[in-house]
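In this document, chain identifiers A, B, C and D correspond to the written order of the chains, with residue numbering beginning at 1 in each.
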Amino acid sequence: MDTKKIKLPYGIPGHNLGEIERDIPVTEPPAWPINEKLKVVGKPVKRYDALAKVTGKAKFTADMQLSGMLYAKFFRSNTPKAKIKSINTNKAKDFPGVYAVEVMKSDEGELPEVKFVGQPLAAVAASSLAIAEEAAKLIEVEYDYEDFVVDVEEAQRSEAPIVHAVAISAQTDGGDVGVTHDGSQTNGNIVGPSTGSFFGGPRGSLDEGFKEADIIVERVYRTQVHTHVPLETHGVVVDWKPGNMTVYASTQSTAGVRNEMAEYFGISKSEVRVISEFTGGGFGAKHSAGVFGPMAAKLSKATGRPVWLMLDRKEEHMAEGYRPNSIHYLKIGAKKNGNLTAIQQRSHGTAGIALGAGVGRIAQVLYECPNFSTEQYDVYTNAGPGAAWRAPGNAQGAFGFEQAIDEIAEKLGMDPVSYRDIIDKSEIRKVERQQGAEKFGWSRRKAAGSDSGAIKKGFGMAQSTWPRFVTLDSTAEVRLMQGGAVEIRSSVQDMGTGTKTILGQVVAEELGIPVDYVTVLIGDTYFPAGPASGGSVATGSITPPARNAAYKAKLELLEQVAKKLKSDPANLTIEDAKIFDKTDGSKAISFKDALQGMRTSQIITNASRSDDYGGFKQEWGLAYGDLGSVQFAEVTVDTETGFVKVDKIVAAHSCGRPLNIAHVKSQINGGVIQGLSFALYEYRVMDKQTGFMMNANVDQYKLPYSMEIPEIESIVIEDYSGTSSTDAYGIGEPANIATAVAIANAVYNAIGVRIYEIPITPDKVLKALNKI
Amino acid sequence: MKKVNPIDAKFCRFLKAKNPFGTLEGGDNDWYVLEDSNTIYWCVKSNGAGGPDNGPVDPRLCISGRRCYKQRD
Amino acid sequence: MKIDKDRLKSNLEGENQPEGSKKGISRRGFLRGAGLTTVGTVALQTGVLGNSLQEASLGEQSLGPDAVLIKLKVNGRLRSLAVEPRTTLAAALRDHLQLTGTKIVCDRGACSACTVWLDGKPVNSCLTLAVEVVGQEITTIEGIGTEENLHPVQQAFIDHDASQCGFCTPGMIMTATHFLQNHPNPNLDEVKVALRGNLCRCGTQPNVFKATLAAAKKM
Amino acid sequence: MNKFSWYEAKSVEDALDKVNATASDILGKRPNESSVIFKAGGIDLMDLMKEGLVNPGTIVNIKKIPDLDKIEFDEKNGLRIGANVNLATLEGNSLIKDKYLALHLAVGHAGTPQLRNSATLGGNLAQRTRCWYFRSLEHQCFRKGSGTCFAQKGENEFHAIMKNETCASVHSSSVSTALMAFNASVEIATSDGKKRKVRMEEFFVHPEVDSRSENILNSNELITAVVIPAPKAGTKSYYIKQGARESHDWAMADVAVVMEMSGSNCSKAEVVLGAAAPIPIRSKEANGVLTGKSINETVAIAAGEASMKGATPLSGNAYKVPIFKTIVKRAILKSV
């Protein structure tokens, strides 16, 4: 591709801002200056869809009502492990108001084996939800019960019941269950170890590293199973007409759902349209079509009617994912000067019947250390599958790692902030530490446990990193229309992050028009494929194509206008919705008039995400540089009751070029509050006797409400890297990683005893204080 | 982390994954797995973490020769 | 866990206990529909069962179990709808009157996403039956303000970015608005106490507090 | 929820004439068209029905019965609160706040503001435990009249630490903790047109006595009011509820303290613990420590210690013991 050289802002304003020259594709626009000099981008522009949300007019998937629509309800297993001898749906089929019943079966007609409580086995479609629920209860199953295990530690024992006990026969490499194609052996329910992470495998020599160490910290940390609880549950409404399946989905990935539905039914992607105008939260769990997608489609096909299939809260809790737990062993060596000499890490965690419980990354990448090794094991248990949860693996990994680093600092007699100044090479976190410590009042911190009285104050901090991920499979289309309409279109969805609004801002900035000129049409696979909203990739992936498509449209428009104004298009510019000749101000036309005079009724352009500027190839979605964060926590601990209350969090973050400062801060609030809840309140209660989740609701599953919300101050630091036409990245996961461990460090500072397991509930505090 | 050629790995066409970095693998996209234990896998056909043959869904196992295996186009 | 299969089976499947194990159960025969005065039974077909509908008038003593016609006063308008006695107010509003601003999240009164006002007081519409609120004034998010004429609380929610995914927003606004009508000049702590039943998972509460405090100054 | 018929009761007599079961009677049974039960605010009943635990054939609405929603007070007869008075009204009543502070505080911490607008006092007393095994349709537990108590060997962090040998559930009404401390009685209408009055401790039934019901109400009986004696001069009270959260939550531990004081001397004390046992319990031990003493921190600590005498915590709830000790101490010190 032809390239051109441009200069882009580089560094941190007020700290080390400069410029960098990069080769960029010739089709891409010139660099934007820093936010201060922009009109729309970076500003706290109000959410495009706020009006719909505050008036109750926003139609979520759960709100869809189509003509003739039926309501569906799953019938789920109520035992954690069994073979199904028979399943009888006759009574359900005959129930008045029922239109169809579908049983979960493989293409070959095999019934699924039951592996967790809440596993979907069949579904009923009826004229009302009440009837579907009543009829689903009439389905009868005869089980052949089997032994099961739900506890992550019990599952590792050699005599534990095997979760995935079905032999995989006829494996070409001769394997049976337990033998993998690369020859490694699984041990019962234990899968692994995985010895790598995003940035490669082990390095150096642990033995030598620990030999060099003057001090060593060796601990085991534990984190709990943490469910997502998006307020809108998983689900779809499917309307399958011949040759055209429309899926309304509560999803983080319209394109992903479209692809899966097409694959499942072996039909063309063109036959499937997925629409997600509003998604009521996802936090990582809503990427796939799920069981509900194909099931609703089958019921729609069977009845010829649209089918509504949204889960209820209990189903959501039992079957639609959670952040896996972790038992995280860490051994870290350091020299007297603070330098880390060795990090050994080993983790076990369970994502139930699924994989994905690793926690390795933070320990591997946050600080430099020449000797590192990790072993990460997945442990199968008879529980529903885990799912990605805002910074998968990182929030769990940071909980142990950043406590251990604090412990090293203490052993070295150093302040936690000063110690990180020594071992942390990140420039962005250095600035965040300085500004955060000042805003927080870090100097108030006293020695651990030195507060007198029963109610003690504590101060703590912790750091995190998240890679700059993007996906190149991101395309946006821009339309300029006679009559003045400006549209941006992409299948990318907005689950509350503000994607819709930042796309409007980017297009408005590029076209020199007010943001309310721009209509944003997203969340529909009839538009060009956009990225999933996960991994904090959406902003960095779709805003450059949006800008580039707007730029192309602008060039076409200016070309046409130049003829009219008898100007050189290169001399034309747009500011405040006015097109004028920079060399002759009398040559001017309003943006709307220019659109009215277009040769065709519309200009349509599109652009896809290019590799990062400067020839950085997007090998597997990784842009270069990272997103650093530093968070500070102030807590009060009641040492008589064991209750911890978070009073204040100061969160210092970077996300490249922030596109909408209000939305960035809102997402930081969200990440912090979810992290606080991870630290203190939420955990799944699994009954070992029966395999049930006992708190599959929102009153016994302890989510934070208003009284638990601390004062949150956020610091957003612009950090330019000259990598794309917007140079913007996401903030979703970065905001969620450091909070829990910052709180744990603050609790230690308050009471002088470390707590190695979250959530830090009263029983753990009282135990730590030897009061029980 | 390494890129795996799906043809070499002979992953089942219905094996899907979501990486921590948000992208979906399988179907349209290349595979970048095996050394990343944060990835969630599922089978498009069974819509879950157990395959249609009731065995586990795991990139090491969802390969040629397994009963429910289907080759990519 | 080694399981006692028989026990598991009986735990999971056995459900009926001996009848009348309790003292003093009055076994007076209850005549279904006794005292029923079928004022104007109408032969409307419903999509549900195709039964003829009983029309409930005020003072009607016995209704159901099949669908009955009721009139609800919602956002100042009298609306006629056919519901079963088991139909919750939330379902009636959402499924029958297409007022889907009222959200169902926990369906158990623990999240307040379904908050509506009944005679001006916030209640959980998921725990309220439609038949029991005949004759009462029901106000939903759709009745608080219009797009052209927003309520100050709605405007403040927009101004302070007080919604992320937006699913808790209607319930938050119903709660905050009622609170402000009775507490014109609240402080932050009072706002938190007022909102202590409303769940938000995106973590947007700090902005909800800000919006509520700001709206107080404009009401 | 299963289908049911609806009946609007016009009077207590009308309601009693129709009803033939309590929610506890039909607990865990298949839908039965002939079963008829009461509903007032319905907060708990709706929950039980949505879980499929209770499936009545007919519901008799008692919420519109006249005269059940009055709050009356005179120095001779004390306070009489109609069963249909909702918790929000109770919370807002200034007389209750002045004379019965512990009750005011307990009511204000019950449920959410929304729930308090619907929940009635009678319904609050008659609600069933929130034990998660009890609330699970699939667990045929002791409190449902069969099987064993799953909490004993299972997940029991929010369960009972006293009198928990047969069933470790805790009663969920924190309002009753305060009512018991004020020596309240429950006024019950019976089907023969009479009324009976039972003290709070008789009203609640320990699972050892009746595994299925948590109170003495028969199917042909209806709570009409709660009556609380007028407080003697010098009466002080306080209530503390500790949930996992400060926002709305069930009590992990709660305590109501009512003391008759002359000067700094306590002449009579009532310490009642909620969420400690399957029913609210009066702590005779704590009362004994306080009575006749001048109230100071030492005495309060001793009373807190005494209140936990004989506690038999389970595998996951020993932490409740120090919490109870602390909140008993704090409630005593707050009340004077």
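The criterion applied here is as follows: contacts are C-beta pairs under 8 Å (C-beta built on N, C-alpha and C of every residue); 3 or more make two chains touch, one makes a residue touch a chain.
Source: prediction; values computed, not measured.
Two chain pairs are in question, C-D and A-B; the one with more C-beta pairs in contact is A-B.
Chain nearest the geometric middle of the protein is A, using mean C-alpha positions. With centres defined as mean CA coordinates, subunit D is found 25 Å away from subunit C. Averaging C-alpha coordinates per chain places the centre of subunit B 44 Å away from that of subunit C.
One finds 20 Å separating the Cα centroids of subunit A and subunit B. Chain geometry summary: the mean Cα position of subunit A and that of subunit C are 32 Å apart.
Looking at subunit C, one finds that residues 11-12, 84, 86, 107-108, 110, 196-198 touch two or more other chains. Shared interface positions of subunit B, i.e. residues touching 2 or more other chains, are not present.
Contact with two or more other chains is made by residues 1-3, 138-139, 246-248 of subunit D.
All chain pairs that touch, listed by label, are A-B, A-C, A-D, C-D. Put simply, subunit C touches subunit D in their complex at residues 10-12, 14-17, 21-30, 32-33, 35, 59-66, 84-86, 88, 107-110, 112, 115, 118, 121-124, 126-129, 131-132, 175, 194, 196-198.
Across the interface of their complex, subunit B is touched by residues 106-108, 110, 112-113, 115, 119, 164, 166-173, 175, 177, 180-182, 184, 191-192, 194-201, 253, 256, 259-260, 263-264, 287-291, 293-295, 321, 351-358, 360-361, 376, 378, 380, 385-388, 391-394, 467, 469, 471, 473, 531-538, 619-622 of subunit A. The residues of subunit A lying in touch with subunit C in their complex are 44, 46-47, 49-60, 62-63, 65, 78-79, 96-97, 127-131, 145, 147-150, 154, 161, 228-232, 278-281, 283, 312-313, 495-498, 662-663, 665-667, 669-674, 688-691, 697-699, 703, 705-707, 709, 712. Looking at the complex, you find that subunit C touches subunit A at residues 1-3, 5, 8-9, 11-12, 47-49, 84, 86-87, 91, 94-95, 98-108, 110-111, 113, 140-142, 144-147, 150, 154-155, 157-159, 161, 163-170, 173, 191-193, 195-209.
Subunit A meets subunit D in the complex at residues 78, 130, 133-134, 137, 640-643, 645, 681, 685-690, 692, 694-695, 699-700, 702, 704-708, 761-763, 766-767, 771-772.
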